[in-house]
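Should a chain be cited, it is by its letter among A, B, C and D, assigned in written order, with residues numbered from 1 in that chain.
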């Protein structure tokens, strides 16, 4: 066999194709053009090492903490006036994902910041894996910190898709998610990437994520965007919004409240 | 002699000077040998840029949050059984500095960690500058994160000596100290320095400090120990304790509670 | 079977596929079970942005620079006495890859280091892409800095497979490879990764690569090992050797000389 | 003694003042105003650990290496046409410090770069310590990499003032200086600091210094400018020139040649 044929075979095989030799009866009459590699989502999903469960500390149920005096409130509890995107529900001071309405993003954009955000998966949540209480916080609209109901490991998924993961990149240090029906608090410290004049990366983004008082990401380097399929890549950009995800599952929608940000 | 005078004499002697007494009559007969450089504390004290005041968010007074399930409780609310050093008072579940009793350190030692610790300056605090509600948390027993009553800038001092400073190194990003009589909560994420086999620094320590929910230090590089006089230096070491400072001022002592740590 | 075919079969088997022979006549009667994701090499091969060609400076042909006094000479010009592995040729003070003899590694192992190493692709080199003057320097036996005849872009390949790439990770900043028949000099500054007690990464490896006086890698973070197929991963390790690659192509073998290292 | 008096005494003593007690006959009639701390140069000069001597490798004397094709030549061997500042001598293709003429800086300014520069201390050099063959390369006009005749430790000085030190900050890893009358070659890889919009430091500068093929600085963090007296500080800036120092000593002047730079 010559080299090109071998390469072709490799690619086809890899692409999930059945391939046989030159004498195969139904072989293509003409040499196939080299197939582009086909990525599948599973290629960037890891299952080990497992993320230990930690039961976070409990505050009294009424212990909502007000924002610091220099924080920018991103949700006023009444409407979507600070957000681009529409259709999401606002009810009882909560912001609720509207399925198939698409993601929403803050009108204001940011560079480095400290973000506080609380989220809740309804107690009647259904579904499994990534289809159970899935949403996410996209830092600068690009880099996703995952939200999922993975409470107490009842719902299993790939570790770099659990709550607090840099999606498809880095698993959280712990699983500190509260049970459905209870609020979870994210405290996120984010350093934006910097780019050189030629648009190459000068310094990547870094993020520290605390969930319910438990450290999940410790100044973790973000390696690029967080696609479902394929590898992370950086593209030069400036300031960006906070984007919240509508994952589009049939299961119950995620709720948000008490969202504020401090520019650093 | 009282303690301060003794300290003075020691410093003067260390500085190579003859100390005058009230009865001194004669100057030295011979020219002094070239003096070694004499550091004074002010050389490492900065006053600009000023640290902006931020009023932290408020929780309900009863909102003590319990530790996560994997945390090590460092203070049991009853006695000093986890601490080396003695004399500090334990009362009403609080750990109270005992003036002139010296610092206390945890028996257990740590490398990288997440530390939670609450502290309070009594409402009847007196004194000014560094003599007002001064204590500190020494990470690994060596690197001080300052505690001081600098509430609302009523009490002024050098910025790299304010609450949340890496003492004499890096000022905090903000002044988010609560008023005397109110509790303050430190959440500290610490990465220990690493040393090479020849005892030189491989990587310095880093620390993130959150006070009352406001970021004061953002993965700040620690440049060495935190002396009162002179420059920071590293000396190779292994695990170390959490040390709390008895600053020895006549003013009211600092109180601590709810101290827990998670090894990273 | 020739070698490439064998390789193909191995990959196909590894991919869980039935490999067709020339005499196969029947397709499987039953639907295959869902396939695990199958990686192909091309998934980690990038072609943009292109690496600019730089003509390196020229020294007089006799300008071999002797090692610094504290360097460890890794090749004595006479035999393989400092190396594990065998069969490679030593001739005229040069170390010459022996095809199919396998890689060779230094007996001595290292942590952080500065490495100098000169290599030459014979002037009668043939082949294309990765089959032309391919060898490599594996830092600590694990992390490959690529060697390839990519002189003046006559031979094209993926950019993160060019000379000076961290193989399948990071393309070099420039293409500064000398023409076949001329020596190239690598100066490599390497900081080994550090691991925590639980075998996770404390700090990744970093490498600076200078080829013929031109900077190709500037304190580049190494993201893990450098496999042909799949993504880089770290596994905890201690000191490691310098490993030189026998790539096994039919083309003319790469020559080495003047190999020395300084521990940092 | 009361506290404030003690503090005053401390400051005065530290400031080199003779101080006696309240009953001293010639005491100032009025309380002295607090003296500003007086820095002396020795406060930032270290003598340990010693820097080991390494004899660098030798090339043939004629082995001047020409610049890479993408390098910017900073000295044409004929005149000062690329430099701001004047009076320095140009002779035999060499650029020679003119005592008391002041420093000279390139007209062109740079951000990140790779710099090559050769320098020579005349063989009839005289003087000791910092007054012997002293010059320096100021990166971006601000951060000095020291040049000094410290060949073979015959001339001793503080280690963070030796050749290859980040002046008054970080000592070189080794002493690899050639003897007076021989050329030395610096290869310097420099990453400029970045500043935030509010002029605070986003990322400090880093430098790798190779002298005569021996690594002296390994991606060393630069902590600010490099003053003779006092501590390093950063002030926000943009691109800057390469500046060469006229140290102004009576001893023989330093020579330069073969100066080129590649922007990164």
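One rule holds for everything that comes next: a contact is a pair of C-beta atoms (placed from the backbone, for glycine too) under 8 Å apart; a residue touches a chain by one contact, two chains touch by 3 or more.
Since this is a predicted model, take the numbers as computed values, not measurements.
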| item | value |
| --- | --- |
| Taking each chain's C-alpha mean as its centre, the one farthest from subunit C | B |
| Interface residue overlap between copies subunit C and subunit D, same or different (over half shared) | same |
| CA centroid of subunit C to CA centroid of subunit D, Å | 38 |
| Approximate Å spacing (C-alpha centroids) for the pair subunit B, subunit C | 50 |
| Centroid distance [mean C-alpha coordinates] between subunit D and subunit A, Å | 47 |
| Touching two or more other chains - residue numbers and ranges from subunit B | none |
| Residue ranges of subunit B touching subunit D (in the complex, touch as defined) | 4-5, 8, 11-12, 15, 17, 20-22, 24, 27, 35-44, 131, 223, 231 |
| Interfacial residue positions of subunit D with respect to subunit A in the complex | 112, 194, 196, 202-203 |
| For the subunit B and subunit A complex, residues of the former touching the latter | 52, 54-60, 62-71, 114, 116, 173-174, 176, 187, 189, 191, 206, 208, 210, 212-215, 218-219, 262, 264 |
